[in-house]
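Pasting the structures in now, so scroll down.
In the two complexes below, chain A is the common chain; its partner is chain B in one and chain C in the other.
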Partner chain A sequence: MDRGKYAKYVMLGPAVVVTLAASLYPMYFALVTSFRDWRLSRSLVPQDFVGFDNYVRAFQDERFLNSFIVTIKYIVISVSMSIVLGLLMALLLQRKNWLNTITKTLMILPFAVSPALRGFSWKFMLNPQYGAFDKIVDTVFPFMADINWLADPLWALIMLAITEVWGWSPLVALMFIGGLGTINPEITEAASLDGANEWQVFWRITLPLLSPIILLVTLLRIIFSLKIFDQIVTMTGGGPGDATQALNYFVYLNGFKFFDFGYASALGYLLLILMLIAAFFYVRSLLGGNES
Partner chain B sequence: MKIKKFASIFALLTGLLVLAACQPQTVEVIKEVPVEVEKIVEVEKEVVKEVEVIKEVEVEKIVEVEVEAMAEEPDAVPYNLTPGKPYDGTTVNFLICCPTAGQFAAWQKSVDEFTELTGISVEFANEPWGSFQERIVTESIAGTGAFDAVVWPDSWGPSFSNTLQPLEPLIERDGIDYMDDYPPAFLEAGTFNDHIYGIPVRTHAFVTFYRQDVFDDLGLEAPTTWTEVLEAGRTIQAETDMAGLSNYYGVGSAQNLFVYALMLWGNGGDIFDDNYRPTFNSQAGVDAANLYASLAEIGPEAQFNNNEADARGSVQQGESAMIVGWWHFAGGFSNPEVSVEGVVGNMQHAALPAVEGKDPTGFALSIPVGISSFSRNQDAAWEWIKFISHPARDKAVVMDKSDPATNTVVASHTSVITDPEVNEVNGGIHAAAAPGLENSRLMPLIPEWAEVSSIMETAINEIVLGADAQSTLDEAAADVEAVMERSGYYKDQ
Partner chain C sequence: MIKTPMQRIFAVLRVIGVLFILYFVTFPIFWMALTAFKNNRDAYSTKIFFEPTLNNFRILFDGNPYDFAPLIMNSVIVSVTTVLIGVPLAVMAAYAFSRYKFRGQNLLLVLVLSAQFLPATVVLLPYFIQFRNFGLLDTRTGLIIMHLTISIPFAIWLVKGFIDSLPEEIEQAALVDGCTEFQTLRYVTLPLIMPGVIVATVFTFVGSWNEFLFAFIMTTSNRARPMMVGLLALNEIDGIPWEKLSAASMIIMIPMFILALTIRKYFVAGLTMGAVK
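Here is the complex of A and B:
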């Protein structure tokens, strides 16, 4: 019995060591680097410790502040759209029939598409000369025909969010369908018998009962939205101007384009702090849900 | 108890791993150039003598003379290669980007010939352009010697020149006599801190491309000034369903600075002054930005987000009638696999437009080839570099039109660019670019250029989209000044 116990730790050991080495060590190294001056163009190895200079610089750097604001705007647009759309899709697809079953199976496909490919595809679709999306919008909403989607700061950000929503909404919908399935139909039936209309049932009963899942999905989406990168590279390059230069992309620019690893590490840690805050609430709500 | 033991071993292992990882980084930089054996040196001297003879011969005869030299002197090999195959069996890892570039494809095709002459194999590590810089950075930091020879766009060079091998000792040792046979800008592009780190091999001059059939139909002449470009573009847009000029205003890789810089220089301005204070927000810079933005009037709708490849694609698809860009575009314009009917055979080229009332200015870009300091096959890599950079090879590549995949006009040597035979085969594009190359400018070769260009490209994009040129450039100049100050440029001022 004891031997069996020991064996499982031995078997797990190498994987745990590799995992820790591959995650904790880079984090430790990046933390140390964030307090050092390391511009690769000057030296191949990290240079002097500079205390909190890199962090102070971030808060004095207008480009960082811009990327922070862009990220917040992006999160608000992307998360709210995917929650609303996901919920609508879930309400439409919650009834069990063969058509819904097939639809739900197919819905996972957009999520399976790689973000970079999503970006390239949408860039083509949004092209004002030959893009399918652009042509459809021009036909259905002629008053929007003059919009150059990726050349307008607001529309470029919205379109970036839409690529993410396109991939995530079906998954969010599936999560909501799962949540809707846990609501006891007797509650909604009782409300209907008491004279509540469908809107009142949804607003007063379904939505409050779904709120723990909405919270979880929101936090999960915030964490993933903070990581937006691939579509920026493939669709906008951070433009027009710097209107879609989100935080993650800004970190990349400083590290791999400007070779300033000290500053990029500090920016990476600021991004990590934002993610940890979201992750803290996510885990807390997850565990809280289990306890209840 | 056993769990405790296991936990102790586990903690010990983890600790050791972290400690090992925390060891001070030792970067093994191989700076010594291995000395050749005496015999090789002597034979080498004979080859140098042979090269002295070749210098007197016309360029188009070089290959024949090299072959004759081989016949006369059994130990001699062409292209300044080291006789006796001293690196036989070595494999050179060559990091390049853009495998579809005709010139790179031609090099790949010539590997067999090189291997036959030297016994050295060459492995091409083709990295897509989008991730090329990251690949160079990560390989440089790792210092593993994963590649022996590498190419890079000139403006990246200063950022990682500390991982490259200075080439002067090798140039001197092997009597490379064609270093003066490059336009000054091309040679300058591989030189940093007074050391040559790169030999120009993939070099580009800026030219104007236009649709000859469209111009003929509308009775237009090739534009010589930007005002004429604008006027011709307006006529084309009014008379056809094509856009006048395909521009690349998008951000992401600072390509929108190419044409802007050309106008800035042509207007008498510059990016920096002698003390590296930004000056692009001067009146000349503002006028250039406004001129650049005015061209949007004759461009396709998608231009604001277009990069260089997108803009070229617009011409290849027959959507736009003109483009100002690198001469390597010619390869695609003549390839029916990537260009539509109507484009192939109808693209003509002309010298760069000048700012009205000013002298024309040239703009050059070079992709030099160098040797990694971490390479363990530096001599073999140098053999490969000598092979691909030799004027005879340079000419052979641009003369070969047998395969669309290797069809290119990219030549680096002045003697090849001005060669009548080369010009005849390539429609005279080299002759069109040659005058511009004499006074061509390069983007600043400073380690901070990536950050500076990122700030500038954002500003230019905003101006093209309607922002006020003066205030936008002023803000950008302040940001650039902060970057330069942080790097210590103004310490003594």
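Here is the complex of A and C:
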């Protein structure tokens, strides 16, 4: 064996081991478990294979269907808010001046706040008695004074999304600013000279040119929204009722609260399928960007 | 250039818009920072002026009933070890993926990429069961293993992007001159991809430090529990003591802010694995 070959395997070996450990092994294990009856309350070791029973059970389980709908609603709210807000921020911050530079620097801070902490911080600010956000809203919009944010099913979901939008929309904006920078100013200038107003330039030129990045960011946001978990624990606990019990949290409840490993694995696989669909499109637009 | 009144109005509106962004981005952080220095009574008011106190920070460490010192220790040990093991492995793997051709390469790359999209709850279950068998539940070693499984695939992908953008000729010259592959990586490639390695290091560290779900389920005592999960213990009869939680949050957040700011130029590129620069 020559030296080059030897080095290649040494360098790759650990990576292969870790990758297999990080993806292939858990995927295989969860798949096998999802076809089994394995309730820790009854037995420490896995019981019989039960075919697709766990999957069938999921589609008959109203709580699963609820968590699926919650997840979809959550994705729609959270992704659309962060894209729209991100775009708005990008347009405002596009020009180079000292105020914008400071703002753009501070904009990465929310992302460095862990999701669990974002949940805590917003829970504190939303408290109807002493929360700062609640106080501000009450002052600016007196008609909203009676809202108890985390006790209302829809508001709780929106606020859960806000914690994520707070962390993400500044980064989305920074990505868009990068994209705006690549648009040749001659194109927009030419349009202005031809009599297009700013509004028309935005809708007809800027937005279409930005669409590849918007697509990429949307897919990235969908992937992360599917994973929503930490804030549910620290902010809503899945409530009120089961109004914020997103899929990832529902898998956790079945696996680590009810210790129903078989069922939890099947649920996890259903989540995994959703994730892989989103990931497929993400990777395609990530790698195929130049081809299309 | 002479500005029309309309342009002036727009300029002012734009500045107001930017100030609003600044407010939206910083207010939650500012509010927690403020609350961290309030006494118990002031924390439950929206006062901006109050008599500041360091009491909340002291209480977190006096062992009665809170003792965050071992939790900080756990966080530091887990994050540092994850970086020290994860980053070098990822750099070597990224180099191999970028520079060599071998059978099954594409399949492996897809697996590396897909590891990042696995829902954590799916990954957790097999590890929870295995860790129970091997006695790794509630140990720092167990937590480090979990954190390596999430950070290495991401770091490989990130560093690979940096190596791919280097021309191969640079390394070939070194190899012809008699360097071994490892020396080439160490003395030729590594210095050139240092920004990428630093970004990978920061992302790995921050990711491990802020990680919640794995630590939440895998740790049951102060033996291995990191700061992040320790916050859940801040729960008293009359609810969450926000002034203490805010103080603890400051201890968690400030090092992460410093790290994030050191790589601010690469933050966006790092997050999208180089797709958007």
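We adopt the following convention: the second predicted complex is superposed on the first by the 285 of 292 C-alpha atoms of A that agree within 3 Å, B and C clash if a C-alpha of one lies under 4 Å from a C-alpha of the other, contacts with A are read in each partner's own complex, and residues count from 1 in each chain.
Everything that follows uses one rule, which is that contacts are C-beta pairs under 8 Å (C-beta built on N, C-alpha and C of every residue); 3 or more make two chains touch, one makes a residue touch a chain.
Keep in mind that this is a model prediction, so the values were computed, not measured.
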item	value
Superposition on chain A - do chain B and chain C clash or fit	clash
Partner contacting more residues of chain A (chain B vs chain C)	C
First, second, both or neither for A:Ser43, with chain B first and chain C second	first
Chain B versus chain C as contact partner of A:Gln129, first or second or both or neither	both
Which superposed partner A:Phe29 touches (first chain B, second chain C, both, neither)	both
Touched partner set for A:Val233, first chain B, second chain C, both or neither	both
Partner chain(s) touched by A:Ile277 [first = chain B, second = chain C, both, neither]	neither
First (chain B), second (chain C), both or neither touched by A:Phe256	both
First, second, both or neither for A:Ala190, with chain B first and chain C second	neither
Touched partner set for A:Leu20, first chain B, second chain C, both or neither	both
Which superposed partner A:Val76 touches (first chain B, second chain C, both, neither)	neither
Chain C clash site on chain B (candidates 290-298, 308-316, 326-334 or 362-370)	308-316
Doubly contacted residues of chain A, that is, touched by chain B and again by chain C	10, 16, 20-21, 24-25, 29, 123, 129, 233, 256
Contact set on chain C toward chain A in their complex	14-15, 17-19, 21-22, 24-29, 31-32, 35, 43-46, 89-90, 92-93, 95-97, 100, 102, 108, 111-115, 117-129, 148-150, 152-153, 156, 180-182, 185, 206, 209-213, 216-217, 228, 231-232, 240, 242, 245-246, 249, 252-253, 256-257, 259-261, 264, 267-268, 271-273, 275-277
Touching residues (chain side chain B, partner chain A) in the complex	2-3, 6, 10, 13-14, 17-18, 21, 24-25, 27, 130, 133-134, 137, 140-141, 143, 158-160, 162-163, 250-253, 300-302, 304-305, 307, 319, 447-448, 450-451, 454-455, 458, 461-462, 465, 467, 479, 487
Interface residues, chain A side, partner chain C - complex	3-4, 7-8, 10-12, 14-16, 18-27, 29-30, 33, 88-89, 92-93, 95, 99-100, 102-103, 105-118, 120-125, 129-130, 132, 135, 166, 170-171, 174-175, 178-179, 213, 216-217, 220, 223, 226-227, 229-230, 233-234, 248, 251-252, 255-256, 261, 264-265, 268-269, 271-272, 275-276, 278-279, 283, 286, 289
In the complex with chain B, residue positions of chain A that touch it	2, 5-6, 9-10, 13, 16-17, 20-21, 24-25, 28-29, 39-46, 62-63, 123, 127-129, 148, 150-151, 233, 236-242, 253, 256-260
